[in-house]
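What follows are several structures.
Across the two complexes that follow, subunit A remains constant while its partner is subunit B and subsequently subunit C.
And then the complex of A and B:
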């Protein structure tokens, strides 16, 4: 049977895919925590209360407080929001620039394709995190620059996926039929190619989201990410470092949050791939 | 005693029955033809015989090779049997061969495994087997890779792999379906010769009745996992008793009704092509090399009259599809002139171009690849109406879509469904509806029935003939299948190597082919009635000889 014969409702099988379900739960946990932090956190975190510092878990502070007396649960919730926003915008940058470039390369072929793909290779050749550090070091630390740095490395990823997907469709008769209908290349791309590669892009976006969260944590650990008073997991880890000996929970909680979110979005991406990619569908029958 | 027999064999996959109580047997040196349409279970029978059933399959019944029971045999026993005693020739030689291994390695693999001979001895044997299947003798053949061979040569290699260990029972699953007719004739002759000489038993699986009638001693006709009729070939075709087998035979030699709308030979041609050349640049092997070009279409001229049906025949790579794409305006000619409705489609204004595009539409070969799986039928069929985008209203558009669907025998309700909800034949109807929606004068049909089962093929041919008379459309009908072209066209053009080698009325070209290539093509094309006649004559001859003695 045809590989592109995607059923219209792949989510009917969703409950059978364990990785999809676990991923969905973990990712939702992070997303909901971040979302709630927009309106409410258990405690405010922008005021220091040294008298309250390094408290253990209690009914007042569920996860205790840090060395400045800030509520850890509140910090984690705001950190979730920061990570997700940074990663989301970075994925958005990747989609916005990468997909058109990839589609352009696939439709124009020749020199255009060479130019796009070789530039991609060039960006790929640099280790992503290292170059992100370079960019934020040059432009100065901060949330915006972190987003730009991570976003740039998403562009070639999406360009590759889009080009590959478009090329696998290129011999299809329905594209010829569309050309016979007098449709322009751009129109055919928007009407036929893009909807047919949307699955691939959604899966890739989910995986890039988890990588983005990790990158944001890395940058803010080095002090190059979002600056205080905005909380971020990476900086929480950094600040916990000096306290490791007598308050290891300070490092444990943000570390766990990073693990849960990266694992969650990765599993979600894998699950989505199983559900949406018909070539792998046999695995979960 | 039977070399191989299956008795009450039933196979189901995940609870869905695929084979139901199938029984057949083959004596030494006998050829059994297994015929049926797609989904009839013929390939599954072959897989069961090799015990290569897919995951989730359960089986019941008995399969015997000589005295050994195969159903339920251990994988270890089967590894001894496969290749050594029972062997198989696959359909698609390109995927049946490993692209990263040499021919010599692939053919000798079975010898090394089954006979534990030295590599030197195995390669010597391999050389002999390759000669046996008619591959040219040279020392390099063993070192070649599959991509360096032609399609026919590759299939010879696949046969060589199958017969290397001298199995007693050979299975050939659609061994020539992927090949051109002239190559098909050679491969079938080779298979027959090998089986006769070495006294092998052959299970020949095919959808093509003509091929089976020509090759097999006995024939079994399958439908929905059951053998509906079987017997000695000549007798079976003379006294078909099951309605399905009658229908199958009728459909395979089906000729749609003759045209009722007469042609006007003096009319201005709808399409005129003069001296058309289309070349493609070949990749350069080094930077300094002068670029080489491949001429796909070489100085071709043709005319199509209003509501005339013209067939374009040739083997793969002869340039027929390139010609079709150029005529459709999908590719620009390198040289030459195309005139459609009196205008050159490559030199007209944008508005005129839209009008010309409305006048010529296409139906493609693959009923699965020609639709966007994410668009409804309504959206798919309405797509060419993009050419009328500022001229007609949304309601008029819907009206045209419904009319086109009804013209091809589909219901207006079908408009809201998606392509995957339809069978192959229905999809081809939808493709025709899409081509009809702009009311074109000419439809270019590139192998429109090649991917369809014979009974569906007959229906689509009827539909095309009916539309020709009812709507007065002209066809450029491209096919490698001579019987299809013969059934539906008024005039035939034969192409070979990018050039037209013969042109004339369909009857004249098929009855009295002039060009040697056309003669070869006509002779090689399998024909059910001709092979049954030949068989009948041979039977009578044998009987009289027996009576004399």
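And then the complex of A and C:
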């Protein structure tokens, strides 16, 4: 019979997982760049200088300047921060609403479960990016609305994961023991179920983070994301498109940044799943 | 025998069908190349009645194509006869007698007569008229039908530019029977009749076979709405649109110029592009503040950065190619220090916060980022609010709910808008209103020019708006197309003279 226990020494095994390591490096790169931009960027980006525009890479501007004379490296760093903040809050919304809903469905069953899960299915039926476009079109463009839009489609994802995880635990000895000791349903959920599905949620959160970054880039590409002067990779790409003929680097850098971050968080999520999934863990042992 | 006969018949039928099927796309594409035109426009019209809206996009679809007036404006700004084949002006300049064209019918089959002219002009100048350019008709005191083909228009005072005014899209002749429905189903006398409008995508026109004048070469035309510069570039390159008379991405023109499939035509427009300021909104009601802002905006950088050099600096609301143009570009040189001083003098040493509402065109969206940065340097923080076109028209233009906006005024000779009550700038200066009243009465050209110069100087001195640049017109079209306008003397995409070579 399976026993659920806290993972032992996951970090020792981590060094052997290639996807985890690559993912960790790429994701850290983006996270660190975004974090540094809170305090410092090579140049200020809210002060435009047209005379300085479209410069090639130099010691002054490592990645050159854009059509308004802004330093591209600084733009990318702030773009990283924008993406991560939007995606993080959106994941937070998903966790905050999705997990309780999923747990509620798993514990109450019956009509409550039907109501929660069918509503989930309804939201799920729309492609995520499409519903995000719909929501920002309704609420208007802007960073806050982008967060709400991406957050809403995170809710059913986490609800499903939480419900699935909780259901797989039902009937376990330690849950029965907890119930016999007289704990309420809420306490059992909080003290025993939640810690045991945390692994699943962390993995899912990492993957949703990469999807969130992609969605933010998509929305701002369409002009529905954060507005200037805030830098955003998607808008950088959009603005660069008509200048591809004479300044392809303007599209190349934000494109690469999006690829690196999505790849990074995806690999990280995959790596984490390999490490934290109990069934796989036994096989590795 | 019989079976074989049937088989043979079937076989020949099959061959026939195959031939028809394989030939038809070819036939279609040939027909397309010869007589259909697909033309890109940046903004979608709010409706299609030029007599009831200020949006240039209405005229850019309907002018000369669907609707005609008594006179019309030609490709170089000249006044040409249209529904009036000739006219006589009385000596005192107060009575205009128009001789109308024969055999003209509206697209719904109703015959056109002098009654329609009277109806249209009376409707436009009526008290409750929704015409966006009512001042054009202000001097008309009476419209009389002399006979079926003759109309007499009496003015209360001479108007120097009356024949030009009648050539505006706002002065087109509509029929009493269909006027009410023109917003969605425009019925005019032009060589093209309205076919259908797929909202957000395209408006298609068909050739009107009953047209009174020279038949047009094109059988059908569709106006495709493409606001996004990336999409405009892709649509042009892929041949999805044949022409883009006002191409929205100036930075890509080099590529079209280098490509033999396309012709790039650079011309002039009547588009004074301004940073409009709500003269009644908080700090902006103070002239010193507006002057400070005029000094703070780097106009040349705006032309270079937002338009890639395609624009001419202006210093007032007047087109540089007009003979009465006065160069006032030196009034507010780019001088952030001076701007700060003026702000301090006005009591805004710490600056202030305001919104900048931007319509979709690129000059506005790109210009907005540059202006935000310029004004930040003198302490004014702008929040950028991007708006859709319909939103802009209602929120900014009609409701005047804005601080700053960027827009291009593409009507010809439109300095008179600064004298209008209730216009969205909220500029009120009786001295200026006087100049415009005098200008409208004056018929002597030299005196008119002197008044125009005074008007230009006054709004520049008052810094009503920041006068940014005259919008350049860069049209891109298929090298095999001929007959499109190079300049935009009036808001129009006149395709009546357009045809495909060979």
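Definition applied: the second predicted complex is superposed on the first by the 276 of 285 C-alpha atoms of A that agree within 3 Å, B and C clash if a C-alpha of one lies under 4 Å from a C-alpha of the other, contacts with A are read in each partner's own complex, and residues count from 1 in each chain.
The criterion applied here is as follows: a residue touches a chain if its C-beta (ideal position, glycine included) is under 8 Å from a C-beta of that chain, and two chains touch if they have at least 3 such contacts.
What you see is a predicted model, and the numbers here were worked out from it, not measured in a lab.
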Check the residue A:122 against both partner chains and state whether it touches subunit B (first), subunit C (second), both, or neither.
neither
With both complexes overlaid on chain A, does A:173 touch subunit B (first), subunit C (second), both or neither?
first
Once the structures are superposed on A, label A:195 by its partner contacts, choosing first (subunit B), second (subunit C), both or neither.
first
First (subunit B), second (subunit C), both or neither touched by A:50
second
Where does A:241 make contact in the superposed view: on subunit B (first), on subunit C (second), on both, or on neither?
second
Pick one for A:182: touches subunit B only (first), subunit C only (second), both, or neither.
first
Looking at the overlay, does A:229 come into contact with subunit B only (first), subunit C only (second), both, or neither?
second
For A:144 in the superposed arrangement: first (subunit B), second (subunit C), both or neither?
neither
Interfacial residue positions of subunit B with respect to subunit A in the complex
14, 325, 328-330, 353-354, 357, 360-362, 364-366, 368-375, 380, 383-387, 418, 420, 434
Which bits of subunit C are touching subunit A when the two form their complex?
229-230, 233, 249, 251-252, 254-255, 298, 301-302, 304-305, 368-370, 372-374, 376-377, 384-386
Help me check something: in the complex, which residues belonging to subunit A touch subunit B?
1-2, 4-8, 171-174, 176-183, 191-192, 195-196, 285
Along subunit A, where are the residues that touch subunit C in the complex?
46-51, 53, 67-69, 141, 223, 227-229, 238, 241-243, 245-246
